[in-house]
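Order of writing sets the chain letters: A, B, C and D. Residues in each chain are counted from 1.
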Amino acid sequence: MNSSRRVILVTGFEPFAGHVVNPSAEVAKALDGRVVGSAVVRSAVLPVHHAEAIPAVIRLVEESDPLAIVHLGLAGGRARIALERVAVNVMDFETPDNAGHLAQGESCVTGGPAAYLATLPLDAMLAALLAEGVPAYVSNTAGTYLCNLTMYGTLDWLAARNHPARAGFVHLPLSPPMVAASGLDQPSMDVGLMVRGVEIALSVVARTTFPPKEVRP
Amino acid sequence: MNSSRRVILVTGFEPFAGHVVNPSAEVAKALDGRVVGSAVVRSAVLPVHHAEAIPAVIRLVEESDPLAIVHLGLAGGRARIALERVAVNVMDFETPDNAGHLAQGESCVTGGPAAYLATLPLDAMLAALLAEGVPAYVSNTAGTYLCNLTMYGTLDWLAARNHPARAGFVHLPLSPPMVAASGLDQPSMDVGLMVRGVEIALSVVARTTFPPKEVRP
Amino acid sequence: MNSSRRVILVTGFEPFAGHVVNPSAEVAKALDGRVVGSAVVRSAVLPVHHAEAIPAVIRLVEESDPLAIVHLGLAGGRARIALERVAVNVMDFETPDNAGHLAQGESCVTGGPAAYLATLPLDAMLAALLAEGVPAYVSNTAGTYLCNLTMYGTLDWLAARNHPARAGFVHLPLSPPMVAASGLDQPSMDVGLMVRGVEIALSVVARTTFPPKEVRP
Amino acid sequence: MNSSRRVILVTGFEPFAGHVVNPSAEVAKALDGRVVGSAVVRSAVLPVHHAEAIPAVIRLVEESDPLAIVHLGLAGGRARIALERVAVNVMDFETPDNAGHLAQGESCVTGGPAAYLATLPLDAMLAALLAEGVPAYVSNTAGTYLCNLTMYGTLDWLAARNHPARAGFVHLPLSPPMVAASGLDQPSMDVGLMVRGVEIALSVVARTTFPPKEVRP
């Protein structure tokens, strides 16, 4: 029964920095309710707001008690789906967030560790994506903007609670219409291919993540 | 009736340089028989062979008497559909063609002019592609490999005969599976989007190209 | 004696598009008067002006009766010295010239041929540069801005007069201070290395270019 | 007197991966003995060896008791001097080190924290470099090869001892002869400019780093 399925929480971001869309939100919404292996996707769209993104994640985690958390975000200029390896305790924005805040060398969490490594099975996710013909790689930087903040904040919150959920971040390229509108020489990826790629990645997460032993009477 | 439709000849290339597929051939085949405006597409796949590519084009032109000729080819490393502005009278290969020939500074046509400009409506094609959200641009170099040779050879043959067909070349990015297989950080484009893009471009060609006045009794 | 030396005319461009310097002018000035093989460099700085650049070149050619003409220009974004193979009969500006003109698909010379190929010994110049450790390549597009216009206009003027001078264009990268000031992720090249590179290229031109037979009493 | 000057330890790396030189070693050697502010540079060249690089650093630190440690390394493909912000506890090599070891997802230090942030004054170093016209930026990834390992290992060793030395890593571009020899389209930087840039960065380190209070009789 679906009601017994564990949740994989998938988040995207609202548009920012003058963009009118954000493929990460489109992909997250497209996957809402989708069954992957023994899990079901619950998706949501986060604000591009330095003070509100993490609280929004925490509410979602408390509501859905997910097996795993996969944040999605946009990385203009990247050509492939990027499985992020690490989130660093730094906010250093090149453009203000949607609250108008331009962080300059601040910490994500005051006194927090320098970084957290993703707890998702990155190598297996990468292998599955490449086997299915989806361009992807393991990235060593999630930047120092909202994407990195969200990955850091989620992993920090989970670590503080010894919470068993795995978590990480996946960066997506610009969509073709965004590049067409920009007039710039930048790579893009079809949103349909992004949806397929993220679903492949989630399937690996579902297959390799075993829920904590549950006591059943 | 279809029999009265004028043809737009579309060509792709066979795989080369170790690739096992060539998206330009996939796109050409996908469009074969498609009706665009008052024209119909006839497509074919050309050999990546310095001595056979142009004769193959000439046979196709003589058979189909096209209104316009749109050659397609692969340009690894490019992120957008490239409408080529110019073909130069130079063959300078970085990799041998499928005949094993590595041209080094040869002419495409001995004694031919330095270059030909495409006779397709590039600006209108570009505007239509961007309006439909397809990443594209007008490129100033078709390279010095088979793509440039084919564009040059076609335009030279048409010019020598004062043939009214318009002609030009469109470069396509790598497909996602090609990038996934390569492990390289290179842009790609979904083949479905390429097909849609080329069809949009052909529609502009069909709409703006009027057949030579026909004498009707 | 110096007075009997034949001239190689080297030109750079004034700054444009908001830049406060232009490395092509710095390099041209640095080489003025330098003896390369049996020739001597005479250099000048051209206006970034669609209507004045070519007349300025013609005056310089008429004054100095050069053996060869090597135009230098700036190509932001390029990492290596670019020996241009071809100039096309197109002006299509992305940014206005210093006269405020934004050419859109105009010809350089109305009714002129589609393109001219450089008449400099590009392959030998490239080999000499690489042998000396200077990053360089043969480029297939000089763009559609003032650089291409100047190369086209010079070659067209020479061709119309059956003038024996060889001519071509060399694009230079941004200088390090320009990149530092821009804050952008762009390649640069030390101006000293550019000067050395252009001098190497000019030496090849001097060595391989024989003056028209001179009548000696 | 020099004998009372505190040391800034600067390291480069030996050549690797088929390169015959390594600009980081050239720059380190060029700066050996140079006085920057109240400090003097002591430089050394490290082995590209996963098991020997860190022990070599430790010996150098124990010998020279430095005020600060600035490791230099080569980052092919980068166009600007990169001030590294973070070292992660991951070794994931794309090419074997000089011992033939190809680490795949190993830790730098088993059980160590996910990452360390550089303790150098990166923002002030960057500002000084840009003010002097040297292309530079703060980088968010030092990769997962020997450079990252060395930065991580040094910071881990210092942290374990509560050692007051500041430490960090600076990545340098390829040199022009390396790019010329490769035939690839890659950015480069003159070694002389690298030397000047690193000296500027070291001056900021010297100026902003105060030695632990010394007891004087």
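Here, a residue touches a chain if its C-beta (ideal position, glycine included) is under 8 Å from a C-beta of that chain, and two chains touch if they have at least 3 such contacts.
What you are looking at is a predicted structure, and each value in this text was computed from that prediction instead of being measured.
When the partners of subunit B are compared with those of subunit C, no chain appears in both lists. A centroid comparison over C-alpha atoms places D as the chain most distant from subunit B.
One finds 50 Å separating the Cα centroids of subunit A and subunit C. Work out the mean CA point of subunit A and of subunit D, and you get 32 Å between them.
If each chain is reduced to the centroid of its CA atoms, subunit C and subunit D end up 40 Å from each other.
The touch graph of the protein chains shown is a ring with every node of degree two. You'll find the chains touch as A-B, A-D, B-C, C-D.
Those residues of subunit B that touch subunit A in the shared complex are 79-80, 129-130, 132-137, 176-177, 179-181, 183, 185-190, 192-193.
Within the complex formed with subunit B, the residues of subunit C that make contact are 85-86, 88-90, 92, 105, 113-117, 123, 138, 140-141, 143-144.
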